[in-house]
């Protein structure tokens, strides 16, 4: 009797878990839609967030035009960025079809793809290539933002790479130049290395005038701190994993980087409150003219150049982010994190709906609209835009942006990566609070080994996908689709 | 008296038997519907979570092997889980005691004044009427190192800008203070309302006998208010245990996990770290601990209050 | 109407009501029956079962030969007055009294006439517009009476309606209830733990203890011929002096009770009851009123020391120590003996009670009566 | 009771200080809702300016937060009504009938308040989806779906609070009415409900506050048709900056109904807290 009860209870529990394990049907290809307004009267549901003002532009210009032309009603579920992931994951895990198109950050795609709720775009593309042009992104950016391992799952909505902005009114001021020459015995130039930046930053740090040398993002959540630290790390040759999939955060270079990044010397160049600065605060400091130099992400550039949003819009220029002078070669190494969201199609919706979603995505983030967006707002993430002579003339930063995008390094697109990031971020926070960098970074490194092990990776022989491998994946994908990519020649 | 046919045991009419039956089970008539809803909306998720916690279910894999209690084991051996459990304990101890002292104090004081009592009471309970997420954002704004009023004020006093929320030494305290700010009105309301029901006689006689205010408070007010105090403490403890919104908005658990609560950690485990089963196991553990604590508090409570 | 309880059982399992053990009771038409007993004896549970507020586990209840066991309270044609509830707080006196009439959809004019008539009957016709806060406790209880009367019920049930009132009001209302009973001629069942109230009110007293009926009888019977030690002890204030003892029968047939320290002769009327005894152990009792002060030691007289005297008005209650036993003795105030002095007590055989130590049943009654 | 002047002055001083600590952030924040964007943030703070309603216009009309306001109203009122309809009878049942396990059930009920919402969110979503596929009954992204979910924390509190009220009332009140010709339901409706009405109002208010401010369950379960005001507030925390003026405008919209209700129902609220939770 008792065992029967147990069996019944277990059956009950299993039945409750059923929605989680519902199998996914394969998706048959559809004919290209060519007729006039074939989607008349349909609805397209998009879960989105107002991350950056650039995306708002999409609503202002693109969406009304699309609705007008297609007869489709666009329904946005607009959420705070931090609220998006739980909502999407819940729907995804249960196999829900609450929305057709979703805004997915590169860090989330690995998990969602493994769950089988990201539609692979190959078939849709081959059936109706249209305006999407996947070859029109840099291989690095495309591999990071639009692919989950070897699968093409999204069209990038923006690509964020580290950028460096500075004030031309300060750097070009003869008095400042003379004063700098006197103090440091060299010419005042835009810094190329972090050491130079520290000097220039110190020079411009004048709290009594409400002016500081540099501003960078920190923030309390662990992962954010890591995001920025890794810019410094990359330039010193720190990588995520070695070829044998061993994490590399306990190395001497990583420890040096950590010490520099959260060290008091570096913090002293920045306005008070730096420990809690996130995107908003650093942006604001720069646009209010409080800092001479500013490390940012590419998507923020249009905001820096908008005279209504920035008092120094006229005096803002861009340069490659500083790097580390390799003592052996004398070469300046500069590498940055590349990240960003893409629009992806929910695999759990009907075929008709997928077709509709694809049709919209081609338009929303195809070549044409990207041009429009760049022309109007100076935002660019497609190669054709970043290299267009007319646009570059109008928006000089596009060139630097393009260069950064080509070398940007993506985070591991693994489901366990956020936890690893969290471990390093935590170590960095503790170093900032006065902890010993060497031991804390070593501990974090050990934690990551544990996290990866726990995920079953070493045992099951799944390897970390390196940046180089990602580019290979991108090239293979392009070949598969019959496309030529400039970087894959 | 000779009983007529209708009174023979076998001769009861159906409607009478139905009446008799409904009389015997009449409490289900009242409790049943609510219980049914609660069973579906509460038992279901708990059973579901328990089920999930026994498998390895992640957001990142479609294979779901049965792993028994491994998730519980891993959770208990996880430093971050233990750290957030410690933080939660810190919140419970300081937020509960802080909001209790403040609320109790305000309730004691407001009984000593007459004019303006209503308006003061209304102002004092404003925080509880605000959404926790709003409270968190508002205090972020107050504490902002650039434009926050607090730093502006400190600046007037000649103290340079502080990043109270970004330093491991102060962040936890700040979050607790905000939590106290939001929740002391609950204690205030309960205690004040409880005081309104206190009998007058013991006070009057004590006053006449020249007993000091402190002794009156200790020997009369406290013992009489014991049940009310325990209720306030129970509610606050339970709420403090699941602190989530305020912390998520203010510090998101940082810096270095010093402000991470269990709720937040489990949320992160599930949605950021993609470990559904681990989070489910953690929630079950958390439920067990809270259940244990509340059961202990209940024992105190039941001693004082005859529950009919 | 005649009320009959047959084999009525109420278990206390899973409820907070007091158990009732298979009781049988008949209350005649027009009688004022009082259920008397200490708290927790089952008297209120019995009353509530008659009202339909508790469901008996088994047994039947009849009112006027109609089986009402499975009828809802509203269909039983009974009325009830409660101990700790008098007036609906959200209604004024008038609406309170009219409330039961609305249930039977009486028309407005008829309601008005009935309410005023009943209000006059219980002397609250001046208070009709008042609310709960504007009436006194006694007035509120009259409202409850009026509300009970207004539907002309077949049986009135009263659950200690007077116990929350002060002494003077209690006496006053007691009289009025008695008068009401006489005027209406309806069957009243009155529950109380106050034996004085029971004595003054009841035509018939049903003494209950631990869910069982101990004795049914007139106030006189219950007082003077208690059927068992419980009734003897419970009824009467101050209560009966009771001592454990054993019997000694002389060959001459004279009967003695051996009490701690002294011995008393018993009248012959106890002889008949002795046959059913299994041992010689008895409980002997005598009411304080039956003990006399006598000037000298004689038969059935013992000396004692006065330890305490309580004034009861015209009479005094003396506590007299006799061989380590304290006896309550009621004497005329004028005959009272000062504390510390000795006196001689006479126990009148005519007023002695004797109970079997095991069964606690009275030995005074014959076998047949006891076996019932 | 006579309170010595010095003691009273001290009480005033401390209470006023507390009131100031409450009011400063609330008022300063609310002020921002009326500031034009250019001075949303400024250091030193701007205290005098020409107030504008453009932030309210932006959030209510441009961002269509009036829809969120509507959703919040429907869901909060709906879930409180359902919680009362189910909870008041249950509370009565617990107060009046003692049965096997009633005490344990009551304790279990209040322990439900402790369930962290993350335990509930995902299973609910899965359940709704499963129901929809199995029976066609759509609860996802419906007001009713959320109303149902909110019962997890509303219903126990309603039962707990209301039970206190019923226990305070003598059972004889409805029993009297039952003997006088009413059914139990009739007696409850005509006699008991009018008496506990303030308690119901207070319970409703307190539960309204909890439903109105709920965040996590809405986050997981609310979709386009049902997302609530606290969720709308979150959308003004965008990556580039926090849109403080808009955020505080939404905050004011969130706070207003509760404050107004609290002012009007303060007496009942206080009464409700004494009776309900005390017992």
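Lettered A, B, C and D in written order, each chain numbered from 1.
Here is the rule we go by: a contact is a pair of C-beta atoms (placed from the backbone, for glycine too) under 8 Å apart; a residue touches a chain by one contact, two chains touch by 3 or more.
Every value quoted in this text rests on a predicted model; they were computed, and no experiment measured them.
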Highest-count interface - the chain pair sharing the most C-beta contacts: B-D
Chain nearest the global centroid, as defined over all protein CA atoms shown: B
Centre distance in Å when chain C and chain D are each reduced to the mean of their C-alpha atoms: 54
Distance from the mean Cα position of chain B to that of chain A, given in whole angstrom: 38
Rounded Å distance, chain A centre to chain C centre (Cα mean): 89
Two or more partner chains touched - positions in chain C: 16, 72
Overlap residues in chain A, where contacts from two or more other chains coincide: 16, 20, 82, 86, 93, 284
Interface hub residues of chain D, defined as touching at least two other chains: 41, 97-99, 122-123, 126-127, 234, 237, 242
Parts of chain B lying in touch with chain D, wherever the complex brings them together: 26-31, 33-35, 37-38, 41-42, 44-46, 48-49, 102, 105-106, 109-110, 112-113, 116, 118, 120-134, 137-142, 144, 146-147, 149, 151-152, 155, 181, 189-190, 192-194, 196-197, 203-204, 207, 213, 227-228, 231-232, 234-235, 238-239, 241-242, 244-245, 249, 262-263, 266-267, 270, 276, 279-280, 283, 286-287, 290-291, 294-295, 298, 305, 307-308
Residues of chain D touching chain B in the complex: 1, 3, 7-8, 11-12, 14-16, 18-19, 21-26, 28-29, 32, 41-45, 86-87, 89-90, 92-99, 102-103, 105-107, 109-120, 122-124, 126-127, 148-149, 151-152, 155-156, 159, 167, 184, 209, 212-213, 215-216, 229-230, 233-234, 237, 242, 244, 247-248, 251, 254-255, 258-259, 262-263, 266, 269-271, 273-274, 277-279
Chain D residues touching chain C - in the complex, by the definition given at the top: 97-100, 170, 172-173, 175-183, 186, 190-191, 194-195
Residues of chain B touching chain A in the complex: 44, 47-48, 50-52, 54-55, 57-62, 64, 74, 80, 144-146, 151, 160-163, 165-169, 171, 248, 251-257, 259, 267-268, 270-276
Of all residues in chain A, those that touch chain D in their complex: 16, 18-20, 45, 49-53, 75-83, 86-87, 90-91, 93-96, 98-99, 279-280, 283-284, 300, 303
